[in-house]
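There are two complexes below, and they share chain A, which is joined by chain B in the first and by chain C in the second.
Let's turn to the complex of A and B:
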């Protein structure tokens, strides 16, 4: 067990080294997109933890991201907090929000839970209009500052964003991976499998569910702060209902029960609009086609995923391998 | 075995991501980004899909129609002007992503008419066109802050600010409705707080003020608003909100036969958009409205006539409305800025041209432009008109009465500004 964990740690460090060299090799637009992918990786892993492992649905993760983003921006502006402290505050604020939500959510299941979190996604961001400290519709600036001069004058702002976001993504993936492999992860899977059986085994299912919501919300809050870093501002319109939906879409495309595929969903969400753009350009299509193609492609992909690889491509691939290995064993 | 596979898959997906990031083409750098010997490339982001796109999604078609007309007539010193349009769905995250694509991948020379205060602010903070030296021409928002040339060195406002509009409304009320009870419907955010600031400067006292939260406007809400205005016995009701709020209010008022003297802010005052939601045109009759550009139905106006002809040919079957006129007007102003930027325009010479000559650019507006080396204020006022029985805003008695002011404490004055004649064929001179 111990050996496995240190292997994981090594793997994540290796991932960091690859990303480090990658950020130097690609142009500025790709670096920016890389930062967006990292943001989505964090956000989607929070959904996978909540939905895939603890079995609770959330359509309101966009709102939890907003909580983190606003907390970070307010800490930066009002308290002039150092940037790392801002991110920590974002995680804590969203986690508290998640704990409150989780307390309510633990009593709800299925469509009721979906409805409650949906209401949050719709209502929460526009609360910003009610408090002048939150900057209203225009939002607040969130400036993480220029990259340190020691990195050289050629070091762009976007590369700096990418480094921060990629590091945050690696750390949160590593943390999620370990949590899921721990007692808590097993508890959540037990509840997801059969809540009554889990309770009979002595698991306090309400407490476990609230814990899942709290941790998931904290990670979503980090994603929100990262998102607002990449766009330099926090405003209600940056966290629309569509964001919550696309996170869930990304999680389903990744395979909702496997953390390993989280990259797939994140890359798809960032790449699809651009792919659609170049397809439409090559075909010389009308504006109506160009503007609706991304939505169409994502929907088609989502439907195909649900039809053909309901547990996500990674899980499917793994199941296929296991089956093959088993049949080999049988032949022997 | 299981763990091994998982690791493999993680690394495979990481490599895939790396490859997708690395597949990129870096085009050769020209003398100036976005300018070649044959073309000048401009970029635009705005909502083309989603709820906020209603009406605004006509702007790219309108701007393209003008550029096609310009290109057919020789372009800018032989260079054709092309416009790359991206959909930002009115989401700041998308606006930043798409603007990055425009600047870094499509390599546009300048951005034209991006829309929405939060979006333009996010782009300014993240993409930072000011630091990159990328001109952001004629942003489509009434937020007065974008006129600040120190904070946004390459960004130019074009619409008069919400503060200016409220001040001018206040002046009109003093002149025409002294002693009457005034009611105000406003959006409970910065849009509304700018309006309140303007009315305060103008010294308007309200009998009743009704705020609404952005997104809460609906027929049911409108019925509630009307109760409040009725209780306060308001004679004049100002609707200083977005189109959907204006439409909801007027639609319900028509059913309830509630008919005070309406006064519509320009943001929510486009008759075509209001009528599209099913509001009967008759309700608008005699309402007071404000606009910086001529009435879209005024075929005696050279610009309206030319622009509506061009638009009808380019986009048949689409109504020529305020969004179209403003879109074509911005394109026309951009063409003049490019022409004024010299035989081989650069981003720098483009900015310098607007700073030095921008206030004299011919355009359809009936109020002057305020560009200078120290200020990026666009149009500085409105004309006041009334809606006709068919619901079109037109000047009373066919004569445009214009007011100008600023976003500060300056007075509102009846303007004597005479718009220069349209250049021959509506092409930049």
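Let's turn to the complex of A and C:
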């Protein structure tokens, strides 16, 4: 086990080095998209932890991201906190929100939980209009500042965003991977598999579920802060219901139980608007179609995945391989 | 006077929520799926209604057109999507969340499709009677002939539905398939078709909710309209208050929710429009997780 963990750590360090060189080699737009991918990676891994492992559905992660983003922006503006502290505050604030939500969620199952979190996703962002400190419909500025001069003159703002987001993504992936491999990960899987049997083994299922919600929310909060960093502002309209849905789509595309597939979901989510654009341009369709094609594709993909590769491409491939190996064994 | 106003507005909005809740309950009873796409289907049906209004010029032709359209869409969805879903995704860790995810995807597809066809500008559906309030003793109420009409139509619809359920063979088949599908099948009921019928009824009911939600608001219809997000959440919450399984429960749930929201908006703050339903839902779920009218929770093991 110890050996495996240090292997993971090495893997993540290697990933960081690759990203470092990659960010120097591609153009500005790709760097920006890279930052978006990193944001999605963080957010999707929080969904995988929650839904794939502890078996709870949340359609409200967009709202938890908003909590993190607002917390970071308020800390930046009101307290003039250093940027790392802002991100830590984002994680903590969202985690507290998640713990409260989790306490409610632990009593709910399946569709009830989905509906409750859905109501939250619709309701919470509009609450920002109620408090003047949150800046209403316009929202707040969230400025992480220019990249440090020591990185050189040519180091662009987007590249700086990308670095921060990629580092955060690596750290949170590493953390999630280790949490899922720990006793808690096993506990969550036991509850997902059979709650009664888990309870008979002495697992306090309510407490474990709340813990899952808290951790997942904290990670979502980090993703929210990262998202608002890349767009520069925090406003209710940055966290629409569609965001919560795309996160779920990303998680399902990645394979809801396979953390390793998380890149697939994130890349697809970022690539879809661009693909949709080029398809719409080629067909020469009207603006109405062009603006709505991404949403259509995301949703259609979601349905298709649930119907035909319900457990995700990675899992499907693995199952296929196991099946093949088994049939080979039988022949022998 | 303000009190009467609040109550009347609450009841009108509540009766629309009740319709939405009924359609969610119908789907839940027939296939054990919470249909998060119900509001999207209502939206689509309302656009059918809009097309009919602009072609024939009469709301009373548009309403049945919307209902038939809604029923057809629901039938198609059940026959294609839901049957495939049951076939492919009922095992593995995804099983518990697959229906939720699929219907959410459906919501997205419907919204995007509606935006592609009708999006860009708001279209209007004009109600059959005026939405200007009645005047009593010189003061003008918010309660209008239109709201009265909505209330009456909803009551008539509920009456028709309860007659279908209580007095006809179709209703008996619907109830039997919901409570004991195996036994219903043994008694010669084609459970699959009854399920499809349940969806179709839900589609038609949801269509009425969509049409009324539109004309009860400012009359405009748009795919991103917040009215429909609210309809989705409120329908769900009303159904949960009613216990998800009970039609009378859904009606009462809708009315209770409508009244509560109306009172919160009038006496606490108008800005709580979106967060109030959430708080109400949490309260209900904390006090009675199985809903006010739901049966006792089944044993888990």
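Heads up, the rule we're going with is that the second predicted complex is superposed on the first by the 324 of 332 C-alpha atoms of A that agree within 3 Å, B and C clash if a C-alpha of one lies under 4 Å from a C-alpha of the other, contacts with A are read in each partner's own complex, and residues count from 1 in each chain.
The rule we apply is simple: a contact is a pair of C-beta atoms (placed from the backbone, for glycine too) under 8 Å apart; a residue touches a chain by one contact, two chains touch by 3 or more.
Since this is a predicted model, take the numbers as computed values, not measurements.
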item	value
Fit-or-clash call for chain B and chain C when the two complexes are aligned on chain A	clash
Partner chain in contact with A:73 - chain B first, chain C second, else both or neither	neither
Which superposed partner A:36 touches (first chain B, second chain C, both, neither)	first
First (chain B), second (chain C), both or neither touched by A:311	second
Chain B versus chain C as contact partner of A:141, first or second or both or neither	first
Partner chain(s) touched by A:276 [first = chain B, second = chain C, both, neither]	neither
Which of chain B and chain C A:129 touches, first, second, both or neither	both
Chain B versus chain C as contact partner of A:267, first or second or both or neither	first
Which superposed partner A:295 touches (first chain B, second chain C, both, neither)	both
Which superposed partner A:59 touches (first chain B, second chain C, both, neither)	second
Segment of chain C that clashes with chain B, given the candidates 94-102, 130-138 or 238-246	130-138
Residues of chain A that lie at the interface with chain B and also at the interface with chain C	126, 129-130, 242, 287, 291-292, 295
In the complex with chain C, residue positions of chain A that touch it	51-52, 55, 57, 59, 104, 107-108, 110-112, 114-116, 118-120, 122-124, 126-127, 129-130, 192, 195-196, 241-242, 245, 248-249, 252, 256-257, 287-289, 291-293, 295-296, 298-303, 306-308, 310-311
Of chain C, residues touching chain A in the complex	34, 36, 81, 84-85, 88-89, 92-94, 96-102, 104-109, 111-113, 115-117, 119-120, 229-230, 232-233, 236-237, 240, 269, 271-278, 281-282, 285-286, 289, 300-301
Residues of chain A touching chain B in the complex	4, 7, 11, 15, 18, 22, 25-30, 32-34, 36-37, 126, 129-130, 136-139, 141-143, 157, 227, 230-233, 235-238, 240, 242-243, 258, 260-261, 263-264, 267, 271, 273-274, 277, 287, 290-292, 295, 314, 317-318, 321-322, 325
Touching residues on chain B, where the partner in the complex is chain A	1-3, 5-7, 9-11, 13-14, 16-18, 20-22, 24, 26, 48-50, 60-61, 85-87, 89-93, 96-97, 100-101, 104-105, 116-119, 121-122, 124-126, 128, 143, 188-191, 193, 213-215
